[in-house]
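You will see two complexes here that share chain A, one where it goes with chain B and one where it goes with chain C.
Our next item is the complex of A and B:
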């Protein structure tokens, strides 16, 4: 027996690592898993990339309004491969949100939230919100003009909450205005609270997925059986690896060839509380919420947003029939298509406003 | 079928809504002067739209006062709202100097400023910068100082030499700015260099508004040295951009190779 094999067996005997890998490889999933894209696997990969690049950024980033912008500038210009790490983190956040959106709506269209997968759906919704919160708090940290003013606008929207509006705004800001206290809160949430919540959330989500099994492609009849399940290795694992590879290619292409893709011009200027930019806009994934008050009063817009959030969580309780195929649930499918179209339309409207 | 119809109606409503809120919101000065009054009073609006002021977000109220948020014309142009109409030629320097402080100070300290203080009617801001009405642009010295506009200039010994110096400085800054913008397009933020170029531009502009040949030449030499220094530093970042692109292309090629291998392995399974 070779030395490396003896070493591996010794490690396996003490940690059970090999056994776990073998069990995972033999775990059976629906034959179409990962077709056409393994969204879940790409999400986990993107999240790990965010954690890794985030940790690397902490070695150079100065988490203070007085030095944050300069430290990001130094990362982009002077630190070897700092540009790659910073842009991979910043672009990666947008990719992560985009894939999470698609994953969520894909699951909704497929009816993957139905009995017995309600808990999986709810944990996914919580993860989705945690991803959005991470993206929002991370946007503040470079302390650029857009960081400062987008935070001012977003936190100000809380003031439209009935009864608690003003105190909620001041609580989030840590004072009357966006400033040092707001920054410290965002930093603590972004580097400690939310990563912990995301890692724990993903672990719980995957454990529950393993417990109840993947939903697979829905058939036209409730009792329709798909093709026989297959083990994760090799086919499903290779599909997932290929999807992650394509994702990595897209990320590298955007980082290298379109580095300013997600940044408005004001993102290249340090925050100045006395100079309001002409166009203060949040990142693309919050543009729909930014555009909403242009169609209705601010308070109603806030209620609509809260309603959408509640509807997301309530989906398994509202749609309880065992049928999962979109054509078997025409009303809900129409509503979902409407929500996606509304999201796209409002995002375009927000970008143009 | 009902579902698809509902979706279609929703799509139409939303696309109309998008086009409705895509319009830019103007202030009330622009809105009224553009359409609701006679041709003469409407003239400044299209000119202003092409001005450096419009491009910088400086609207009517910055120079004329008043409150552009009030829709009622009398109220928005009342003295209570700070409306001041047109400044007289003696007030012009103070008026524009409220924003362009350094330039106004140089002007006051220079020969024209001294003459103005003595009550002599000399060229002030609008004489050179509003030759095309409200289409205020960054001054082009070659267009302003001509033998027609400034015959026998009493302030400068050689106006055309000063014009040539300013022109060359402007071109040098423009070249560096173009290179700088190209580097920024590739993700390297250089706003501090942009600000340094702006400082050099301001240095020269202040010297020009003092109308002193010697001072203009000295400011030009100092400014040119700084611009050359900035150009050298921008060159270093241009090299960095090239290295990033080469690295990115290599990384993409490696990832593509991995993806092709994975795809071939998947194909071999079926």
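Our next item is the complex of A and C:
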């Protein structure tokens, strides 16, 4: 027996590492898992990438309103490969949100939230919100004009909540106005609270997925049997690896060929609390919420958003039939398509406004 | 709640009752301890009151008719505008979502760059999503200066 083999065996005997890997490789999942894309695997990969690049950024980033903007500039210009780490993190956030959106709607269309997978759905919803919160708090940290004014607008919109509005706004801001206290709250949430919650949340989500099994492609009838399940290794694992590879290439391509893809010009200006630039807009994934008050009163827009949030969590309680195929539940499928179309339409309206 | 008993209606053994009491005590004290830990955290996270900044600002009186200038009063932006009825001062914070409004001389109105709210030279809502007029500040013309006060 070779030396490395002996070393591995002695390690395995003490840690059970090999056993865990073998057990995972043999774990059976529906045969079409990862076709055409392993969204869940890509999400985990994207999240790990955010954690890695985020930690690296902390070595040079100055987390304070007085120094943040200058330190980001230094990262982009002076620190070797600082631009790569910083842009991978900033673009990665957009990719992460986009894939999370698709993962969520995919699960909704497939009815993957149905008995016994309600808890998986709910943990996924919490993760989705944590991803959005991470994106929002991360956007504040460079303390640019867009950081400052997007934060001002988002926190001010809370003031339209009935009864608790003003105090909710002040609590989130850490004071009457957006300022140093707001910045510190965002920083604490972005680098400690939310990453921990995301890692723990993903662990819980995956443990529950493992417990109840993947839903797989829905058959036309509830009792329809799909093809026999297959082990994770090799086919499903390789599909996931391929999807992660494609994701990484897309991310690198956007960073290298379109570095300003997600940044408006105002993102290159330091925050000025006395001057709101024209055309302040949130990032693309919040454009729909930005566009809503243009079509309805602020309070109604808040109610719509709260309703969507409630509907997201209530979905497994509302749609309880065991049938999962989109054509077996035409009403819900229509509503879901409507939500997607409204999202796209509002996003376009927000981008054009 | 009736004490649990068996099918014959017998009183439960003393030990079971004691277990229930101990469970309640354990649960109760855990809840109290959790509350005792949460209360300081809740206070810790409450926004701190900031010291009040200078609540008076002055500009020279060269401000022309239908012209506006931005000053800082109590740490917030304020717009001073000279109308044909005199000098006015308004908080530049849009009442919709808190962006800083700009003065459009040609249209004689305040305009919010965020969601397009518009206010006339008296600070009243002229259009857009703003729910209230701009907050008005006390302003006085003194020899050579225009003085704005937040009261």
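We take it that the second predicted complex is superposed on the first by the 353 of 353 C-alpha atoms of A that agree within 3 Å, B and C clash if a C-alpha of one lies under 4 Å from a C-alpha of the other, contacts with A are read in each partner's own complex, and residues count from 1 in each chain.
Here, contacts are C-beta pairs under 8 Å (C-beta built on N, C-alpha and C of every residue); 3 or more make two chains touch, one makes a residue touch a chain.
Quick caveat: nothing in here was measured; it's all calculated off a predicted structure.
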Problem set entry | Clash or fit (per the criteria above) of chain B with chain C on chain A | clash
Exercise. Of the partners chain B and chain C, which touch A:3 in the superposed model: first, second, both, neither?
Worked result: neither
Exercise. With the two structures laid over each other on chain A, which partner does A:14 touch: chain B (first), chain C (second), both, or neither?
Worked result: neither
For this session: Considering only touches as defined above, state whether A:345 meets chain B (first), chain C (second), both or neither.
Result: first
For this session: Could you let me know whether more residues of chain A are touched by chain B or by chain C?
Result: B
For this session: Would you check which partner chain A:320 touches, where first means chain B only, second means chain C only, and both and neither mean what they say?
Result: neither
For this session: Using the touch definition from the top, say if A:278 reaches chain B (first), chain C (second), both or neither.
Result: both
For this session: Scan A:294 for contacts with chain B and chain C and give back first, second, both or neither.
Result: both
Exercise. Is A:171 in contact with chain B, with chain C, with both, or with neither (first, second, both, neither)?
Worked result: second
Seminar exercise, completed: Both partners, chain B and chain C, contact chain A at residues 278, 294
Exercise. Of all residues in chain B, which touch chain A in the complex?
Worked result: 2-4, 6-7, 10-11, 14-15, 17-18, 21-22, 57, 184-189, 191-192, 237, 240, 244-245, 247-249, 251-252, 255-256, 258-259, 262-263, 265-266, 269
For this session: Mind listing the chain A positions that touch chain B in their complex?
Result: 73, 76-77, 83-84, 87, 234-235, 238-239, 241-242, 245-246, 248-249, 252-253, 255-257, 259-260, 268-270, 278, 291, 294-295, 330-331, 333-334, 337-338, 341-342, 345-346, 348-349, 352-353
Exercise. Can you list the residues on chain A that touch chain C in the complex?
Worked result: 149, 152-153, 155-157, 170-171, 173-178, 181, 273-280, 293-294, 297-298
For this session: Spell out the part of chain C that touches chain A in their complex, as residue ranges.
Result: 45-48, 50, 70, 72, 75-77, 92, 96-102, 112-115, 129, 131
